[in-house]
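The data blocks that follow each hold one structure.
Next come two complexes, and both contain subunit A; in the first it sits with subunit B, in the second with subunit C.
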Partner chain A sequence: MIYLLYGLIGVLIGSVLSVLPSLHPLNFAGIGVFIYLVFPSDPLGMMMIFMGMIVAYSIVGTVTSTFMGAPDDSTVYMVFPNQKYLMFGRGYEASMICGIGALGAVLILLMIAPVSSTIFPIFRKITTPHYNWVLIGCVVYLLQSEWPKDFGSRAKTKLGRLKDGWASLGAGWFVFFISMMLGFIVMNTPIVPADRAFQNIMPVFVGFFAVPWVLTNMISKADIPPQSVSNRFFVSKKDMLRGTSAGFFGGMFAAYEPIITAGVGGVFAGHATSTQGDTQFMVSGSAGRLTYYVGAFFLLWVPLLHLTRGGMAWTSSLIYQPRTESDFWLMMSAIAVSAVFAFIILAFVARFIAKMVAGVSFKKISIAVLFVVLAMVFGFTGFEGLVIMAICTGIGLIPPMFRTRRLNMLLGFFFPVFLNMIGMRADVLKVLGVY
Partner chain B sequence: MTEEKRCPACGKPTAGYVPCPHCGADPRNSITLKFAAVICVIILGFGAVFYLAYLTTSEAAPTAISSIDSWIDYSYVWVNGVVSSGPNYGSGVASFEIYDNSAERLEDATLPVEYYDPVDNTVPTVGDQIMAFGQLRAPVGGDKELRISFPSDIQLTRAEPVATTISDIMSTWDTSDPLSSPWIFKRVTLTGTVTGVRPLSSAKIYTLTDGVSDIELYVHNGRETLENRSLGLNVLDVVTVTSGLSQYSGSPQLVLASFDELQVVSSENAPEVEIQSVNENMIDNVVRVGGKILFVETKGSGSDLEFSERVLSLDNIYNPNVSVSEDLLDLMSDNDKALVKRGTTIELVGDVQRYGSSVRVAWVGPQSPTLTSGSYEPPSVDNFLAITSDNLNELVTITGSVTAESEISVGWLPSHWLLTLQDNLGGSVSVYLPNFLYERMESPPAVGDTIEVVGKVTSISGHSLVVQPGVIDDVQRLS
Partner chain C sequence: MRGLTHFIMGITVATFFKSLVTGAILTDSWLILLGGVFGLLPDTLDFKFLVYVEKQDVVIDPDPYDVKPQEIANKIADEITKVGTMKPGEMRRLQMHTMKLGPDLWQSYSIYFNKAKSQVEVKVGPHATTSGIPAFGTEPPADKALGVAKFTPKLVDTHGRATEVKGFGGPSFGFLKKKDGTVEVVFIPFHRRSGHSLTMGIVCALLGYLVSQSWVVFGVIIAGWTMHIVLDTFGHMGNNLFWPITKQRTSGLYLVSASNPYWNAFTVYSCIAIILWNMNLYNASVSPAYTIPGISALGPAIYLFFVVAIPWAIVGAMYYWYKQKTKGARPFELFAPTTGAVGMAATDSAGVQEQEHYYEIDEKPKPSIILRILGVAILAAIFVVLFIFGPSW
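After this line comes the complex of A and B, so read on.
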């Protein structure tokens, strides 16, 4: 039972960290390993804490996405309806719908757990030789599937119309390319001080997503209206089911496939299942996010699979590697209890913030968030981290300016990892002069 | 149209429109917290069942070695089996192999293991039953390997030794099917006499005999470093060994895991024989011989510039020679090795062997020969024209100036060199410098140099008589 308690402690820690904008689960893992090194304890218990943190991030973190507008890669594509709900006074409802979607994903995860040690190894055996072309296909699909944006005015010349058509698409390709260049540099040269290297990606994520979002919020000058707090949520069971299942498939695809993130998986799942409407979008987004983060951690524990995917799994596996089938069942049990506990916390936190946030200037919140973000980046990564963050902010502002996908940043940033997997890393680095 | 005039979600007037024209909420489709509560209860139900499963399952599930494939590269797995070789020691790592009987072919069911920062009492030895947990490496087209990082990831059941004999092991051994042997991967105790050693770059392989059969004893060099001492075995030592029985290329091989597992019970004495008395009747006998070294002739490997052996002439150049392989010579201390030179009196144990039409004594290891420093200079020849075919195989000392030099090509290797040496009387003789000597000379003799050469009169293909030095020091530059 003590291990379940460890999980609940993780949920509490994760809930606090989730409310802080700009933190990513990778930062959670880095902080967790740091704590473990300073205060060595039961490694399995530490893993339970990690699990609790990641569950809390996936469930309680929707509050941040909804009320504070500091999305990461997995929230960015679902945050638009959340923001819309917020502006209609339905922020609490949006948070709870997302929370229920995440609970649905937990339920599916628990349902497949008993057969996971049978199906996942087979799936892995079949798909492992094909990672390379699957990943190339994903990148090409994501870049090619973006549709030209309608800017509301039709250019008079063919050349003008061609230029309009390619404006957002070209920006998307450009963002992908410079993010890839950044990925090569950040992941191959020690920019962040060595004693903080475990947080070297943090300023990138903050710069890509959090700061541009805060800046656009500040420009928008919007005030948050009074929020309705009701225990009735206007979403159909069909939308819940469809959104949850689509999100689960997208999230699990992202969790399973290297390089692919929750946002990318969500796009694929959305396209594959024709997800429609804001509620399906929100539900599938939150379900996909939970499945991506918790699912990746879950894969590490599946007996006879031991697939290490996701930052939390990679980082925490330095401390402990699952050894027996009983470890897996314990982890599954802890995920169940932690998810319910996190949902309860979500309900209280969302209700509390919904009551507090009314009338507060969105701009003031954004400024406060910006200071928190800057303080955290400086605290974790020093001045060098702030420089990286500033560069990434410049890149992160391109997608909203040109109305292209933010996911291209993530895809580009992690593309060097893919090149590493296919053995081309050294060649590319030599060309870039960083090797 | 609906009865609600205000949207229950955003609170704005709807004028009866459904869904809400402001926020899009549709009051006809809604759920409540009860819906979430039901999901929570179901989730907690799963949690309870899984917790029960946790309490009732505890056995680790090992992965069959034969099933390891590249798709589980980097996985953490348990492997259960018997230690089939090792341990070998590297820098901060002990390596061994596990066999788990999951395939018919030995190599398909054997997995190499690297154990990092090993704690000595947790290092497995051949014959131990082992359950090990570690990270698997199985890259496409690469070698499989299990990497263990912590002593707690190894569960060992030490093998109990069984007394047997070398003959018993060898009589039941089938080199084409070593797995059929009742002794393979068992821990055994046996007694044998050391009859030789074969040094490798990373280990020494001793040969033990019980008078009927021979068996190899593998001792990894890393063990010497770890125990900070040498095994100290000598040829003809009678030893009792307790060790695991592994195999190499189908042949049985004892693997010594600790020097404490070997005790020298006694030592046999080799009969002393005068070197000039060694004859064909003694072939395959081990004898003790001695004498003054008159000449040391270095032999090259032929395929590279390495030395293969040295041939010693004792007391008289017409006596049977003593050959020493370079590997065995390297087992000696640097001081002793330096004493194996012209003029030293030596006493050693060797095996009488047939060599072409004659016999010779082959130095067997391990041994520490008796060496007494001395000197010997072959007769000096002032008139080189006096060196004829009558002097073939005789040792000479000649001094003269180099008047010409030529190369003898040997394919892709550096050339041999032929120097023309002229005496004060105007006569000349050729000095043959094989490439393995010439390339080791810091400043090889060149035209115009005056040199002194100690060598054997011999003949080489395509040339008349030459004088060939035996070692580098046989060539001295005088000016």
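After this line comes the complex of A and C, so read on.
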């Protein structure tokens, strides 16, 4: 019982941190270790706190993308419909639909828990020697499968039309390439101060996703309309079922495969199940996000598997290594209780923010969010982090301008890791002169 | 089918090649991905190249704030009449454009070729989001909603239904003069022609062979490409299988719908199950640490029965039941986003909204039941060959 309480404490801490735009689970992991070092306690209890934090981030954290327009790599997938709802006075509803999607994912996680110790080890045994080509295959597919977004070129010549069509595709490939170059540099040269090196990816994600979105929102002259806080949510069972299952499988694929993120997994799941419509995107996005973060943590606890995936699992595994089946079931119980608790907190937080932001200029909110983001990046990574963030912001502005996929930034940035896995990193670094 | 379905199907057939799978483990070879790349290439060719180099004889680009359906109908009818006077085999192409009202808002309209009355009917509909959800109440007044224009030649319309024009790029129509004096309406004439022919697949595979000097590369390219053609043929719109020998696109087998979520998810899942089967089978020749002999011992038929057939029969039954139950239910959707980043992201959304599913229509005539059974038999035969001979490739 005490461990469940630890989980709820984690949810409270995570909820407070989640409403701060730009914070990422990697920061959470760092903060978690800090808490453990300052207030040493029972390692298993500490794990429950970590779990609570990550559950809260996955559920309560959707408010930052809905009300503040500051997405990260996992919420950029659903920030579009969420903000659309916000501008129709239904921001609270959007947050709650996301929360319901996340709860749906927890339900599926609980349903597969009894067979997870049978299925996942088999899956791991068979797929382990194939990670490399599967990862490269994901990159190849995402680059090949983007379709032109010229909306019917009006150019008179064939060449002109071809040029129009390839403007967005070319920009997408350019974004991939330039992000890859950045990845080589950031991951191989000590830019961020050594004592904060574990946060070196934070300014990249903030620059790629949050800041461009906030900057683009700043040109908006809209005021946020009065928000309805009615508890009637217009989401069909079909959207719930399709969104949750697609999100879960996408999120679990991302959680299981190294390097793949929730956004990438979400695109795969969306394509596989022909996800359509705003509500399905919201449900699927939030289910995928929770499965990605909590699922990665869950994999560490599955008996006979003990797969370490994701920043939180890596960091927490330094403190405690789950050993027994009772550890696993304790964790599953804590996940279930924490998710419900986080959902209740989400309802209160979303209701509170919905009332607070009504009538406020979106521009003012965006400016405030930008200041918070800058302060957070500076606080976590120093001046050097701000420089990285600024560079990434420049890259992050290309996709909205050319209507190309934002995910190309992530794919490019992590591509050096792919190359590392197949032993080509050193060769490429020598060519680039980084090594 | 969706792009991912084609890609993963290509990967699936590639994993039957033992040398590719073991090569991927032992030498980090990426050749296995050729199956996926060439499995998706036919659509890549069509929608990234051929769509742009298609000749446009007439372009209709209506003003979204002052739509004149009668003018549109007149232009289309004039084209059909003009083609009626041309030589057999000649075609004129007409490009329709969409009407953008905002970042995620479009003015919808539809074109219907009414063969019985020899007239083109253009109807202006409500505003719609990029994902095609209509904004009820935005329909135009009756006097601005319909345009009708007569044409003289006898028309053959293989589609038979109104074509909706909403978001993204608009469709194109070809009007082809036939030997019997009729004019055939060819929907998006650039699609599923040379880029979706088996001959083009052979050309690509031969190029692959010339570059690699490997028959395995030839095999994996042709297998990936062929599976794309086979899957597309299962839909409502067929392919021009032996271009340039054959000139026309055939109708599909009407077995599945390209955008149907159930069939896409089923195909992707089945492909993953087969990939895992092949991985497990071929891993054994690399290291016993990566294989579970008990699974291979089941044999592919029993494995697929338990892993694919049973779960998907259950999902299929549930899907059918729910589809019947919710038939005609209106979606809970919102319209027209506002300004700022939301507007700019309307058609991005991490690449989740694609237009490819738009490009399938019901082409007639519907093939006979024998042809349709033959289609399934061919697919089954391909997999039987792959299961039997794959381990020796």
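Simple rule for what comes next: the second predicted complex is superposed on the first by the 432 of 435 C-alpha atoms of A that agree within 3 Å, B and C clash if a C-alpha of one lies under 4 Å from a C-alpha of the other, contacts with A are read in each partner's own complex, and residues count from 1 in each chain.
Methods note: contacts are C-beta pairs under 8 Å (C-beta built on N, C-alpha and C of every residue); 3 or more make two chains touch, one makes a residue touch a chain.
Every value quoted in this text rests on a predicted model; they were computed, and no experiment measured them.
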| item | value |
| --- | --- |
| Touched partner set for A:A368, first subunit B, second subunit C, both or neither | neither |
| Touched partner set for A:K125, first subunit B, second subunit C, both or neither | both |
| Subunit B versus subunit C as contact partner of A:I136, first or second or both or neither | second |
| Which superposed partner A:L44 touches (first subunit B, second subunit C, both, neither) | neither |
| Subunit B versus subunit C as contact partner of A:D278, first or second or both or neither | both |
| Per-residue touch tally on subunit A - higher for subunit B or for subunit C | C |
| Which superposed partner A:Y85 touches (first subunit B, second subunit C, both, neither) | both |
| Subunit B versus subunit C as contact partner of A:V235, first or second or both or neither | both |
| Subunit B and subunit C contact sites that coincide on subunit A, given as residue numbers | 85, 88, 90, 125, 128-129, 234-239, 278 |
| Complex contacts: residues of subunit C adjacent to subunit A | 2-5, 7, 11, 24-25, 28-30, 32-33, 36-37, 40, 44, 47-49, 51-54, 59, 61, 95, 97-98, 100, 104, 131, 133, 167-170, 259-261, 264-265, 268-269, 276, 279-280, 283, 286-287, 289-292, 295, 322, 326, 329, 331-334, 337-342, 344-357 |
| Footprint of subunit B on subunit A - complex, ascending | 4, 85, 88-90, 93, 96, 99-100, 103-104, 106-107, 110-111, 113, 121, 124-125, 128-129, 228, 230-240, 278, 303-308, 317, 321-326, 329-330, 332-337, 339-340, 343, 347 |
| Contact set on subunit B toward subunit A in their complex | 8-11, 22-27, 29-33, 35-36, 39-40, 42-44, 46-48, 50-51, 53-55, 57-61, 63, 69-72, 74-78, 133, 135 |
| Subunit C-touching residues of subunit A, taken from the complex the two chains share | 69, 76-77, 79-81, 83-85, 87-88, 90, 122-123, 125-130, 132-133, 136-137, 140-142, 144-154, 158, 161-162, 164-166, 169, 212-214, 216-222, 234-239, 241-242, 263, 266-268, 270-279, 281, 362, 399-401, 403-407, 422-423 |
